[in-house]
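What follows is chain A paired twice: with chain B in the first complex and chain C in the second.
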Partner chain A sequence: MSDDPMTTPRAMRGRAPDVFHPGGWVPMKEYPQREPVDFVVIGTGAGGGPLIARLAERGYAVIGFDAGPYFRPLEDFASDETSQSQLFWTDERLVDGANPLRLGSNNSGRAVGGSTVHYAMVSLRFRPEWFKSRTLLGYGADWPLDWQEMWRYYAQAERDLAIAGPVSYPWGPKRPRYPYRAHEINGAAEVLARGAEAMGYQWAETPLATVSAPRGESPPCVYRGFCRVGCSTNAKQSQLVTYIPRALAAGAEIRDLAMVGRIAVDAAGRACGVHYHRNGAWHFQAARNVIVAGYAIETPRLLLNSATDRFPEGLANGSGLVGRYLMTQSNQAVYGVMDEIVRWNKGPPSLTITEHWNYEDRKDFHGGYCWMAQGPLPVEWSAALSGSRRLWGAALREKMGDYNHQVGLKMVGEMLPHFDNRVSLADETDRYGLPIARVTYSWHDNDKAMIQHALGEMQRSLELVGARDIWRQENDTNHLAGTARMGSDGKSSVVDADCRSWDIPNLWICDGSVFPTTGGVNPSLTITAIALRTADRICELHRAGDLRF
Partner chain B sequence: MANTASPDGAPRAALALLGSLTGVALVAALHSRSPAPATRPSMKAPAPDPAAANRAARRLNRAAGTLAASVLLDSAVEHYRGQFENRMMYTPLVTAAMALGVSAHGTMDQRQTSHMVRDTVYLLTALVGVIGTGFHLYNVRRKVGGISWQNLFYGAPVGAPMAIGLSGLLGYLSERVRETPPGQRPMIWGLPAGRAVGVASGLGMAGTVGEAGLLHFRGRFHDPFMYLPVAMPPVAALALGRSALGPTGEDRRATRWWLRATAILGLSGTVFHAIGVGRDMGGWRNWQQNILNGPPIPAPPAFTGLALAGLAALGLLEDHPDD
Partner chain C sequence: MTDRDRYPGYDVLAKRHSLSWNDATRKAMDARLGVPREPRFLSQAEWATLVAICERIVPQPTSRPPVPLAGYIDQKLNDDARSGFRNAALPPQREAWKKGLAAFEAEARLRHDMSFHCLDGERQDELLRCAEAGRSDASAWDGMEASLFFSEHVMNDIIAAYYAHPTSWNEIGFGGPAGPRGYVRMRRNRRDPWEPVEAGSGDEARVRRENMRVR
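On to the complex of A and B.
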């Protein structure tokens, strides 16, 4: 039998890969397809992973489906940038709008562990006010969540993922000490720090989900900087090496290379299982509850693709908002060259951060942003030079010669939610015969104002530390959110605070798509905190008799 | 196989073994009722004995040598890792090697006079320790963020050069003890030698605890045994301090056993650190990288050196009671 994780499922016959030992296996429970399991979770990433683990740990029968492969990090990940594309969702999608998104490498993963297998590990908390940005800050929409409760779930997520962060974090309300100490900062991170000090802004080591000391079977980070190709040491605390092993140990089943094409609804209008494609054929898994955690494009696509006569607009779409209010985050950058050697690719890419403009409200646009140090690997860098700076041939070769002197600052900025930015279904179908997603995106004036502000600030910071040959990369965006927003009523939102859909009481959506606003920080820790909360809420609802099994 | 904070498999067994060894030493330290050696002069009959002074001096040479060996290997690894980017970075290697040499010489030397070369090398070593501390402090302050956790964790370790300084100091004290004229009690800086050496080693131990504590905090005390070097030596240092400053006639058995346990701890620390190296990516198969990045194997015996000095101080106090 072939051991190509891209073509042959690995979690089969009562066992799943042991991610910590080459060639090793761990036992895995298997559930029959005909008998309904308590929960089917679609997607095993930042949202799905913790849900599968927590629900299994509470004794529920859970199956996690993922369209992606089950990697063995110690064997499958090479220190080779070009092997990276295996990690991404590269199926066809249509993009349009005034600012079409670039999809794939920078925003959607497909693997057991989801995008966290190749994410950059930046693990930040929201600013508390963002949970009530409409009321307190005058833009976007309020979340139905209380920041203090979220603070507790953030702490739990940080413990579960052994986040390595500074001893004290300079922004926001007090938080418990990060479980692991911050990593040593590299040359590029130091340039950010010096620039921030010159501007009178605070800076900090970025809290990262990679360990700075051994943890269980994870060795500490070795600072080679291949994080986004997939960490081949297991220092990175992705869902693949944290929640997924926990889930298996607690009796959950994982089905890899299993693409869910449709959620089935019974005559009573309740979700009753999923149709999924695995090993070349379609199958049906019965379930008492279905939780969708496929991220901001695949989640609405699946809900829309599951339309029935009873729900002609797609599932959970009584409000008509499934697919609406898609948000990305602005990810513009400013680059320069230092006289001294920097070696920006050594270590995780974003070792320092300033959240100054997330907590400073004296500005003439809504929302916040942070910026972080950068360290693109050579292929990615040459793509930026050719794609964004339009350098070719000899000019490109010459600039690549500066690689070890290069520095850069990259923003993560809050784009505001707009009704017209959306995911809908195209007429074309994919290899499974399912309509593909059409992603429509346009920047609005506030987004543009923030980007210009950030570019100016980042440029000033680089100038203050003596960088030369400064240029701006103006077109990049990254993380996604929205498309199944949570809220406090069924008219203006798709799910409630517990990630339960308003329309179908046993259909849940728990991933980045429930964000009503996206904040000025990377989203994964917030997604994970919401998932941990949802798992707790499901248990409470069950206990209170509000859940039918 | 869930990824938790506890060590696994073979390392766990080895850790358990080492831990119990250390524990046994500790329990022995607390409960020992072993009689005092018969050779020990009675408390109330001070009869200054040049042979005893020489013995104490040689013990101090041994302590200084242990510290020097620890510094020699540790700074060799750390400064190699730092690619000797500054030529000053060879200094601790040279001085520690010299201190090690003269300490070996002193340990075997039965004569009752100090030795000019030894004395000079020790003084120089102490001086290098002070200057090195200055350099390391300067290095930390110069970095962005100044005196911050980041720079204390990853900048030049502020406490490390003090170890070589302490080696020099102990050696210097040894020479002073050695040159005690026959019939007199060993005195240093106008103080009874046992008390001076006791205070110096107690303070040195406290500083070393600070260093170990800082670095183990950086490693988030990920292994429970990492608490040992911040738990045991402080007790030893306090007990030593009390013995050094307290009245002569006091029972010092507990102090002695704490110091012995600390000496063992310093040695077993190398094994703990070796296990730690094995937990880095690739384990010992990847030793060329992991020796540099993992916990410093030669560092813990600094505790042994200081504990030996403390024991020498106790010996001095008992051989030459001063009231």
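On to the complex of A and C.
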């Protein structure tokens, strides 16, 4: 039998890959298709991973579906940007609008563990006020969640992922010590620190989900710097090596290379299972509850593709908001060249951060942003350089020659939610015959004002540390959110605070698509914290008799 | 441009059997270096145009074997390996490349009565710059937006192919594959012995000797 994880499912016949040992296996419980399981979870990333683990640990019968392969990082991951695009969602999606998004790499994932397998591991908490940004800060929408409750789930997520961070974090309310000590900073990260100090801003070692000391079978990070194309040593605390092994040990089943194409609804209007494609054929898995955790494009796509006569506009879409209020985060950067040799590719790419403008409200736009140090690998760097400076020919090769002297600061900024930024269905279909997503995005005035502010600040910071040949990357965006927003009523939102859809009581959505606003920090820790809370809430609702089994 | 060798003597492939490479990396690099040098998807005429375009987008020195850029584009098209998104104004990549190559050829014939690949570099650059700026002859482009094709495919695909190749890593002094060994010396102006040394003025011979020892 072929053992190509890209073409043949590995989690079969009562066993799943042991992610810590080349060629290894761990036992896995399997559930029959016809017998309804308690929960089907679609997607195994930052939202799905913790849910599968926590629900299985509470004794529920859970199956996690992922469209992507089940990797063993030690044997499957190369130190190579190009071949590691095997981690990305590279099926076609159409992009349009005034500022079409670029997808398919950092903001997508197709693997057990989702995009946490290749994320930059940046693990930040929201500023508390962002959960009530409409009421307290005058923009966006309020979340139906209480920040103090979220603070407890953030702490749980940080423990589960053994986050390595500074002894004292400079911004926001007090938080517990990070479980692991902060990583040593590299030359590029030191440039951020010196620049921030010159501006009078605080900076910190970025809290990262890669261990700075041994943890179980994870060795400490060796600073190879290929984090964003997958960690081949298992230092990275992705869902693949944290929650998913926990889930298996607790009796969950994982189905890899299993693309869910449609959620089925019974005569009573309740979700009753999923149609999925695996091993060359369509199958049906019966379920008492369905949880969608496919992120901000695949989640609305699946809900829209699951339309029936009873729900002609798609499932959970009584509000008409499924696919609406898509947000990305502005990810502009400023780069410069240092006289010293920096070798910015060594170590995790974002070792230092300043959240100054997330916590400072004296500015003429809404929302916040942070910036972090950078260390792109050559292919990504050549794309940024050639795309932003319109360089090709001899001029490009000349500038690429400065690679080891390059430094950069890159923002993660809060774009505001807009009704017209959306995911809808295109006429084209994919290899499964399913309509593909059309992703429409335009920046608005507030987004543009923030970007210009951030570019000016980052440029000043680089000037203050003596960088030369400074230029701006004006056109990059990254993380996604929105498209199935949570709220306090069924008219203005798709799910409630428990990630339960207003329309179908046993259909849940739990990933970045539930964000009403996106904040000025990377979203993964917040997604995981929400998933941990949702698992607890499901148990409470069950105890209270509010869940039918 | 001056083709100054900033990292003389450095060969990232010399690390192949070191702890900076694992089996998966060796496998990926073997596939990279073994790219077919003949077209499988494109026609010979399209291939000739593509080879000429690659040479203008990333001109390469004659002092070492060139990176076979056109081979990577043809391979990508042959495998239909996509990037995960497509500007709605463009056709799928196979169609886009075929249309784009036909358009450059048509424009060359229209303006110079010659095949694109037979034009001198200056004239080729001029046609490329027209496409980049959206000043191409629309009749040659069959409804496709030339500037979008240029940025999304000509630039992205060719430049990505070049900087995915070990030869380009030698040129820019990139340490290359790095697992499981990783790095130890993180601060600026510090070098692990398995990283290349950059030549300053006049010390090329010493640096070359040093870089020959990088493993």
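Note that in this section the second predicted complex is superposed on the first by the 549 of 549 C-alpha atoms of A that agree within 3 Å, B and C clash if a C-alpha of one lies under 4 Å from a C-alpha of the other, contacts with A are read in each partner's own complex, and residues count from 1 in each chain.
The working rule: a residue touches a chain if its C-beta (ideal position, glycine included) is under 8 Å from a C-beta of that chain, and two chains touch if they have at least 3 such contacts.
Source: prediction; values computed, not measured.
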{"item": "Simultaneous placement of chain C and chain B on chain A, clash or fit", "value": "fit"}
{"item": "Which superposed partner A:D76 touches (first chain B, second chain C, both, neither)", "value": "second"}
{"item": "Partner chain in contact with A:L103 - chain B first, chain C second, else both or neither", "value": "second"}
{"item": "Chain B versus chain C as contact partner of A:A249, first or second or both or neither", "value": "first"}
{"item": "Touched partner set for A:W392, first chain B, second chain C, both or neither", "value": "second"}
{"item": "Inter-chain angle, chain B to chain C through the CA centre of chain A, in degrees rounded to a multiple of 10", "value": "90"}
{"item": "Touched partner set for A:V342, first chain B, second chain C, both or neither", "value": "second"}
{"item": "First (chain B), second (chain C), both or neither touched by A:I185", "value": "both"}
{"item": "Partner chain(s) touched by A:G368 [first = chain B, second = chain C, both, neither]", "value": "neither"}
{"item": "Between chain B and chain C, more extensive residue contact with chain A", "value": "C"}
{"item": "Which of chain B and chain C A:G47 touches, first, second, both or neither", "value": "neither"}
{"item": "Which of chain B and chain C A:V222 touches, first, second, both or neither", "value": "both"}
{"item": "Shortest span in Å between Cα atoms of chain B and of chain C, once chain A is used as the common reference", "value": "6"}
{"item": "Chain A residues contacted in one complex by chain B, in the other by chain C", "value": "184-185, 190, 222, 233"}
{"item": "In the complex, chain B residues that touch chain A", "value": "1-8, 143-145, 149-150, 153-154, 217-220, 222-223, 276, 279-282, 289, 293"}
{"item": "Contact set on chain A toward chain B in their complex", "value": "18, 20, 26, 162, 166-167, 179-182, 184-185, 190, 193-194, 197, 205, 212-220, 222, 233, 235, 237, 241-242, 245-246, 249"}
{"item": "Complex contacts: residues of chain A adjacent to chain C", "value": "74-83, 88-96, 100-105, 108, 184-187, 190, 221-226, 232-233, 338, 340-343, 345-347, 377-379, 381-383, 386-387, 390, 392-398, 400-401, 403-404, 426, 438-439"}
{"item": "Interface residues, chain C side, partner chain A - complex", "value": "1, 6, 20-25, 27-29, 31-32, 56-59, 81-89, 92, 125, 128, 132, 151, 155-156, 159-160, 162-164, 168-169, 171-184, 186-191, 195, 198"}
